[in-house]
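Letters A, B, C, D and E name the chains as they come in the text, with residue numbers starting at 1 for each one.
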Amino acid sequence: SQDGGTQQGKDAMSSDKSIRIGYQKNGPLVILKSLGTVEKELEKKGVKVEWKEFQAGPALMEALNAGSIDFGRTGDSPPIFAQASGSPIVYVAAGYSKYEGSGILIPKNSPIQSLADLKGKKIGFVKGSSSHYLLVKALEKAGLDYSDITPAYLQPGDARVAFEQGSIDAWVTWDPFTADTQLNSDATLLVNGEGLTSDRDFFVANANYAKKNKEILEIIVNQIQHSSEWANGHQKELVTMIAPLLKIDEKSIEMAVQRREYGVDPLTDEIKKEQQAKADTFYHLKIIPKEIHVEEAMMD
Amino acid sequence: MKKDARVPHIHLNQLKKSFDHTVVLDGINLKVNQGEFIAIVGKSGCGKSTLLRLIAGLEHYNEGSISIKDKELAGLNTQARIMFQDGRLLPWKRVLENVGLGLKGDWRQTAIAALRDVGLEGRMHDWPSKLSGGQKQRVALARALVHKPEILLLDEPLGALDALTRLEMQELIECIWEKEKITTILVTHDVEEAVALADRVILIEDGKIVLSKNINLSRPRQKTQQVFVNISEEILSRIVDPNEQNLRLIIK
Amino acid sequence: MQARFKAGIRRMIPWALPVLLLVLWQLFSWNGVISDRILPAPSDVFTAAIELTSTGELTDHISISLGRATLGFLIGGLLGFFLGIMNGIFRFSDLLLDTSIQMLRNIPHLALIPLVILWFGIDETSKIFLVALGVLFPVYINTYHGIKNVEGDLIEMGKAYGLRGSKLFFSVIFPGALSSILVGIRFSLGVMWLTLIVAETISAHSGIGYMAMNAREFMQMDVIVLSILIYALFGKFSDMVAKYMEEKWLKWKT
Amino acid sequence: MQARFKAGIRRMIPWALPVLLLVLWQLFSWNGVISDRILPAPSDVFTAAIELTSTGELTDHISISLGRATLGFLIGGLLGFFLGIMNGIFRFSDLLLDTSIQMLRNIPHLALIPLVILWFGIDETSKIFLVALGVLFPVYINTYHGIKNVEGDLIEMGKAYGLRGSKLFFSVIFPGALSSILVGIRFSLGVMWLTLIVAETISAHSGIGYMAMNAREFMQMDVIVLSILIYALFGKFSDMVAKYMEEKWLKWKT
Amino acid sequence: MKKDARVPHIHLNQLKKSFDHTVVLDGINLKVNQGEFIAIVGKSGCGKSTLLRLIAGLEHYNEGSISIKDKELAGLNTQARIMFQDGRLLPWKRVLENVGLGLKGDWRQTAIAALRDVGLEGRMHDWPSKLSGGQKQRVALARALVHKPEILLLDEPLGALDALTRLEMQELIECIWEKEKITTILVTHDVEEAVALADRVILIEDGKIVLSKNINLSRPRQKTQQVFVNISEEILSRIVDPNEQNLRLIIK
């Protein structure tokens, strides 16, 4: 019963000749897609690439779980939930840390001046996201308890409105939302993720697919590394590439791009430890029902 | 208008009504006095119901005028109660509540009494859908009579009733009319019924009043009287007009 | 005896299909045709239900949602009802408002959320607003249709018998439209639960919609399926309420 | 002349409210009562519309959605229609299926998505399935109600005059239920667009729902508002279609 | 059953029908021969319509049996066409299509001819709602007659018609009946109409047939004939029974 994906018979078969990659507009795979290099590389192997766009991480994980896509990128928490649910996914590689773009935003003239001031405040974030973890760690650092704040679970777009309206006192989020809000809403970044969380991207695959197509995944990871290097070296071009896609103004994208380094890390022990700590935190927060060992879901 | 002239209760003046270019009533002149009982007869489709609906204020007319006690009728005629040719009981109200419709005060007792008059007291808690055709008609009649309105408009109120019940209902109508001095207009296809009840019988043909016959018989009228029979035959012969052969068949 | 037996069967037939589905699903789960990673067996869902109930979580979610649902239903239902009546009766308000309502009806709640947060913040008001908005339209449309379709002859009769205003309304128009209005209520009793799943994405910490969306995010298939089943049961329940009302108020239809 | 003038006014009144709203909104935006950071002025939305149209994006989104919507509408509408007719006419299928349908109706699409992905994958099928599912129920309920409310007397008459099967259906039952069926269609023409916003969260890269949700994610308020306006116009359009059908097929109601 | 006995077209045997514990028909025995013309009279609510509906197979009975040509009637009586007391025109079909309902082949010509017979050819493209009460009734009559069924059941077909139109319609019914040898049962509240048309007049009272009178007059019948008047009076007197005073009023 380890072959969760095989009931999608036709999906599994098609994956021999093509690979379906799930991506989100706001992520490094967009760069890869725009450059079009991976198609060329995989064509040599007789493999076609199909790109599937997703608007949210969970939807992408659902598709991965169902075997509707083979490979994709998510933030750091969806794989934890997937593993906890017994979904047949494996970590393939990790992205570089992007802690600088993630953090706690407060409005201009906010009475909140330090982490300790968060006590008793209403804070918006996405439940079970990297921001959730960041907040927990930040509170820990300030010696506050999680129960000292009032959480307001909000999707980024909604949270932005709530933040503008003053419905929430602070907002924990990631780039490009952080940058956009900093620039366009006079918000200040109270803290970023430094020392709290690494906030990495993860590249994940359907376990079944990964077992049979290690080589192809390697090629893709390589190509992501290449596109990342390109991105790091061509920030201007990158900005003009992404801004119209996300329909966010170039200044915000520029800010986000400048404080981020793209790249792929192998699944080192350090990363495993980071990820395990997150899983444990989510377990303690009762977001996942059981303890998991992230290592078990990592491709070797 | 002369001050001393008696003002008619209902005054139709050169009334004209057409539906989508077919003229139904074409210059109707009629004065009905307070407390008068008028019967209208005429062939099917000649415009009897339309005339009644016009007097009730339920229909717009094209030309002419309708005055009620010298006041031009605008919109609904609130003094009148019309019994519709098709009954129109509310299916979601029980018989008693149908009869009590629009009554004020202790309507229940009044309505029960009216139902007793039409012989349906025992059915007051039934839904209208459970009644026979003639029973429905009698409920509708009770509903019209119970209001004791100033103007009573009856559109074929007894069309679905057997001879005996019909007679009883005629007596009922006559009795209420006499007691309350209600100005009454009765549409009927039964000439004898018209002659038995009305002070004046009016015949409509081709959109016009072609006959207006005063019936000066004492009440209660005996249908066996020769005068009665003569008047009935006279009116019938006017309906049937030139076609002699048919005439002979109808008039005994 | 036999009549009672027949009535018993008649009461069971409606459940045949759902039960059959459940049984098949359990069987397929047991023999592995349906992988439990993808679709948990009914027994697992049942276990999840027991667990959530024993911690009191499930009843919390349901009762919180029920509160939001009923309040939203009352507000939206009444509003839809009155608008439907007004536009059904008065020509001018019909001309003025119907188009706007038909336009409003077509705006998805999901797209509206940013504006709702803008107007009503992130607390209860916005959630109840969304439920009310969702409930409004089915009630409106069916009330409107019901009123417009009351037999003109009967209204005419009512007027000719001196009924007007509220009397005419309660004696003739309302009873004539009632059957259609009840369809609207039946529909909106469903919508009432449905909108909660969108409403409860706005900074909620409990509620059945929150539970479902959370489960989706955290890929707890058993809870997702559980919430689907709960929704389905609510659907049946709403339907029973609507049927009860029909039986009570439409007795005259034999 | 005067009649024509009156008719013209009558055609304009329905737009009074929406236009008034737009004007007020524009005014408030100009003098800063509404911050344009949060709610862009109508003129900004208009600019966004022009921009999106000039790149061909908007028409793309709309035409893609239109394709999905119509296909889903046809499938779901027909299914709901036939189920409504079957359950309205045949006692047994009513007993067997109605409860299940009422239960199914109450399951939110958002909760269903994980299962839909399992069954239909992430491509067009799943989107069309969701639209069809959404459209099915209003058509079903109103068809069912329409059929059940055809005057029994007329059906009896039809039977007594030798009509049965399809003849009875097309001469008596269907015309008698038509007015109610059209209400269902009117409703579902709206739902057709509404469900797309959920359906198009499943791996879509175009469509009006995708555009709206995307805008919501990245807080492009002008696009959000634009999509809301587009939905509203679609609502009006659906309504016009429904009204047209009513006028055409219910002529006998004077 | 004896082989040589003539099998009646319609055979009601100890037929009993009650609605929610009120007995309406209580042991009706009736044999109607092929081609016979029966008229049923009786007071409003006595069960005339119910009896017709039973023969049409539209109502379940509680006891007894109904046989059509020796075969027990189960469900709808497909040989019969019933004209309902309340017309029941389809509001969404134009007059012509209403008349053509259920006809096969070139129904249009047949239906137009039937409308011509009832004098409404000119209204064939109208909606039923545009017709007067009597016009609706005639359309319903045309619809029933046009089928030329084996059994024709007419429930007060002429209740809303004026004397002349009524006479024409009576002639029409008689003519079609004679030509097609249709077994016909006519419910009417007009005793003269019953005597004018029927081979046998049946009176229902208290759920039972209390009178069955053969009318052996030659056709076409003259209402002025003394025999005719006598028979009518005899039946009327039976309806009105002990109450002599009323009787005198009705019988001329």
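Convention: a residue touches a chain if its C-beta (ideal position, glycine included) is under 8 Å from a C-beta of that chain, and two chains touch if they have at least 3 such contacts.
In this text the structure is predicted, and so the values were computed from the model without any measurement.
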Touching both chain C and chain E we find B, D
Compute the shortest path length in steps from chain A to chain E over the network of touching chains. 2
Whole-Å gap separating chain B and chain D, where each centre is the average of the chain's CA atoms: 51
Computed distance of Cα centres, chain D from chain A, in Å: 36
Touching at least 2 other chains, the residues of chain A are 62, 66, 155, 157-158, 161, 165
Which parts of chain B, given as residue numbers and ranges, touch two or more other chains? 86
Counting only residues that touch at least 2 other chains, which ones in chain C make the list? 38, 113-114, 118, 216, 219, 221
Following the definition at the start, I'd like every touching pair of chains, please. A-C, A-D, B-C, B-E, C-D, D-E
Note: in the complex, chain E contacts chain D through residues 56, 58, 76, 78, 80-82, 84, 86, 88, 90-93, 101-102, 127, 129, 143, 147
Give the list of chain A residues in touch with chain D in this complex. 8, 11, 22, 25-26, 52-56, 59, 62-63, 66, 68-69, 155-158, 160-161, 164-165, 176-177, 180, 184-185, 246-248
Over in the complex, which chain D residues touch chain E? Could you list them? 153-154, 156-163, 167, 171-172, 175-176, 178, 250, 252-254
Any idea which chain E residues touch chain B in the complex? 19, 41-45, 48-50, 85-86, 130-135, 138, 155-156, 159-168, 189-191, 222-224, 229, 236, 239-240, 246, 248-252
Please name which positions on chain C make contact with chain A in the complex. 32-38, 113-114, 117-118, 121-123, 201-205, 214, 216-221
